[in-house]
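Structures given as structure tokens follow.
Look for chain A in each of the two complexes below; its partner is chain B in the first and chain C in the second.
Let's look at the complex of A and B:
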């Protein structure tokens, strides 16, 4: 083979797939395949989640229905706790999943490999979050099935409350994922800070009232003020109002929660994308896409 | 060099330094401490996680009625009940899962084969790997109990109840080392997942009375709790720390006897299970595989 032929072969421009949707599908599919490679973990996670529902059922037997109803959340503690437990999986997934996944790619040296392909990195990063959403969705459905089918919990299933809960849920995902994008961007550059993201997630879970009515924080104004800084607090409040009390978007409290979450999303989402973009450009510029 | 000379050279018995078990365990502890201390931020985070769990149940305790606790023979104090449950359950979970994780890390890094090909028996290896995990667990235990005390948990302490609680804690550690060794054997062979520790964790959360007295469970579920050492440990410790009872109490003596029985029966079984897994992994040459 002549030198000129060789050069021609190597310089040949092969058209590559550039459609964002195809790329997104590819990233998601690879994540899903990896997820199902760890079947035993999936089964263990699922069974542990069911066990936690049963555990809160027995905790609920000790709760005084009158005390719970005085806080305005009905008389069924299990219904109250289930909404918190089911959505807290999503909270963790939004806040820490992407940064964890990027660190994993950096350690495995695969982020650099993906970066030299024509895959759009924003598509790649968003695709990486889907696996966490899928796992959380499986757990959420499992929790509600066990709670309603096995433990007799009754939620308000009319269209009005369901639509309100769905909107609040979507806004919860957007606002918390935006925080997750910020964490991922910072962790990408500084290679540390994962513990901070975990700390924020666990404080968020504690102060948003996953297992207790937020009214209990009234005696601690500082904690109450901090809890109001997390979007999850409003999402949990609104979803409980919808699914336990049957409130729809016409309810002033639910509408306030929606508006606050919309505000969080509108402010945090552009910041999240900007920080993620900055993080990626920085590690490319300083050549640290595979160093940790 | 002639063949005989080479054989003689390679076959020479060089006397090795005899190191006692205590020295080896000390070396394991120092090594693990150095590794642990490099992750200071994670240590802080782990403590925060344990403390927020305790604090969460402070708020839950405000809406709980303690009737079931009184029926079970404890003082009417849900906060103290859950503080003891969470603190000791977290203690055994972190110690037991820490041992499995340590075995996994040794396999992953390829250091397990190196250690076990030296003059360190697998029993000393297991003891060395366990001790530091229980030391770290104790750190979390004290932090959780102190947090409980700060937020209003009330412990009824006498010299007798403190000494009895110490005896029960020693039995708790010994009985859960057994569970840890079983988990380590499973991870050695299976290399993924951690079925023993996982099953132990969620079954004890459900059936050992961490957050509620066992009397709330239907009768057909209560017998499951009777199979776990944590059930007896929590019952005895609560009677000591909440009620101020000591080993002179029949209930606490019964708990201590059950724990002792568990250790006597299960320790040889767990060591045998680990040995079978260890020998099988060695035969396959898979000690360094993950």
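Let's look at the complex of A and C:
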């Protein structure tokens, strides 16, 4: 193409209107496209998750149904474990996905190319989290399909327990994503926080009782006390009560879990946004929006 | 009104490993760039050029002073600034792209963020990919591109919003000789034909000299001189030389020229599309002007033109930044 033709095409213009939703769509669209460019990684991730379901099936065969029922969670260990395994992907996604992605953008220099456009950086950052949610959703649906269809696990699917589980799930996302925003803000500034975020997520997963009832921590009061500091603990407790025991919002324990999670969300969300803003402002002040 | 204006702009950074020590990156810099002007920032590494450009595109918050781009204050009206600029950071060598997206998708992503309507964006993307000779690779992932191709995608991205002000940090780094020439021609043309204001930084003094209407020479965060390339050259009178323009690029010509009596050394060789400009340092300009055409004719080299040469910008630059003394020591 000749220069003159290019210049003619460039001069053809229409007024630009800032549409945050369209920008958000652009972030999610590009993010999902990139995800599909990592085909082998996606396949391995799916396979390893489904392999873990099969593993817990066999672990479940070794668990004495009586000892599980004594903790109040019914007799099917696989049902108990599936809820933990299926939602733990979201936990990781909320806690580490954004900070990991921001670090990657800073190292590659792409954060700067985004920051010089009229997109609100919060729109960009939140858009970046959607990819993790989509992957987690695929894994969650896959796990439940394999668990219920292939291994005979039964959940309470009445409207009351389902609504309770859905509310708890949403509050779990909000409260944990708020923690993820805090991690992202701090890591943006100090650049080397990934191992800490990884440790917090691992501890969270371990102590919240993804694979075992928290009642089993009775002999370790300190660990039990720490587990009470994580929103995920309440989310898992409430979702299991709903989906395994059939409890609805009318149940005092489920309602308590909802209220605690709501409290976590109400406190952590504004802190998360503030820390993320602080992080972004700090790297603009110290000139470290890129580090190649 | 200036398209780009700074008043007393200053920025310091904390020195790595020391809370108290500071590095002065930009030291109370004031200048104005007129609308439609091609303006260069020239300086050695660490002179503060990139920090200055990054302040102008709102990436770095200044400590003191004000800066306006297209009439918008970089601190108070960042969205206005961002809607008025096309930015390129050539020093990244093509890293500032999403390698797991195709060239076309990289540009489309940018169009979404820039609020460019889809129909306009698609037309421009096709045209830019065509111009930068990327059409046949447009749907391949950028990770498989050479550095030169990546830089061309970045250049296409810079032109995509058709912004009135282009802030370009080392735009031709990573391009091959022909790509650099074509890019320079395009920059010259968008500045002249579309009335764009271009502020660009470069290490390439010849590039700055040929493109820029005015140049600011930066050193240690300060602007040490700001003027047209011609006036900057006139600042240094020590040099005695001639500029010879010959057809094509002939190795033979250099051999002939270095043997001419009174020619001390070849200072620079600048190949262009169909000719080459050679600068020579001589003992006496008048003698050289008389002897060189005859020697070239005997050597079978076609001479297009010959004239007395002013000091190159490089010499001015070295003189202004003290580089000549640094080099000598």
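Just so we're on the same page, the second predicted complex is superposed on the first by the 274 of 292 C-alpha atoms of A that agree within 3 Å, B and C clash if a C-alpha of one lies under 4 Å from a C-alpha of the other, contacts with A are read in each partner's own complex, and residues count from 1 in each chain.
In this section, contacts are C-beta pairs under 8 Å (C-beta built on N, C-alpha and C of every residue); 3 or more make two chains touch, one makes a residue touch a chain.
In this text, all values refer to a predicted model and were calculated from it rather than measured experimentally.
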Field: Touching partner for A:198 - first (chain B), second (chain C), both, neither
entry: first
Task: Report for A:141: first if it touches chain B alone, second if chain C alone, otherwise both or neither.
output: neither
Message: Contacts for A:225 in the overlay, against chain B (first) and chain C (second): which applies, first, second, both or neither?
response: neither
- prompt: Of the two partner chains, chain B (first) and chain C (second), which one does A:32 touch, if any: first, second, both, or neither?
  reply: neither
Touching partner for A:55 - first (chain B), second (chain C), both, neither: first
- prompt: Is A:170 in contact with chain B, with chain C, with both, or with neither (first, second, both, neither)?
  reply: neither
Message: Between chain B and chain C, whom does A:12 touch in the aligned arrangement: first, second, both, or neither?
response: second
- request: Specify the partner with more touching residues on chain A, choosing between chain B and chain C.
  value: C
- request: Find the residues of chain A that appear in the contact set with chain B and again in the contact set with chain C.
  value: 38
Field: Residue ranges of chain C touching chain A (in the complex, touch as defined)
entry: 11, 13-14, 25, 51, 54, 57-61, 79, 82-83, 85, 87, 89, 92, 95-101, 105, 108-117, 120, 123-124, 127-128, 130-131, 141, 157, 159, 162, 185-186, 189-190, 193-194
Task: Give every residue of chain A touching chain C within the complex, in rising order.
output: 1, 3, 5-7, 9-14, 16-19, 22-23, 25-27, 29-30, 33-34, 37-38, 108-110, 112-119, 124, 281, 284-287, 289-290, 292
- prompt: Which positions of chain A touch chain B when the two form their complex?
  reply: 38, 40-41, 44, 47-48, 51-52, 54-55, 58-59, 61-64, 67-68, 71, 77, 192, 195-196, 198-199, 202-203, 205-206, 209-213, 216-217
Query: Which part of chain B faces chain A closely enough to touch in the complex?
result: 41-42, 44-45, 48-49, 52, 55-57, 59-60, 62-69, 78, 192-193, 195, 198, 201-203, 205-206, 211-212, 216-217
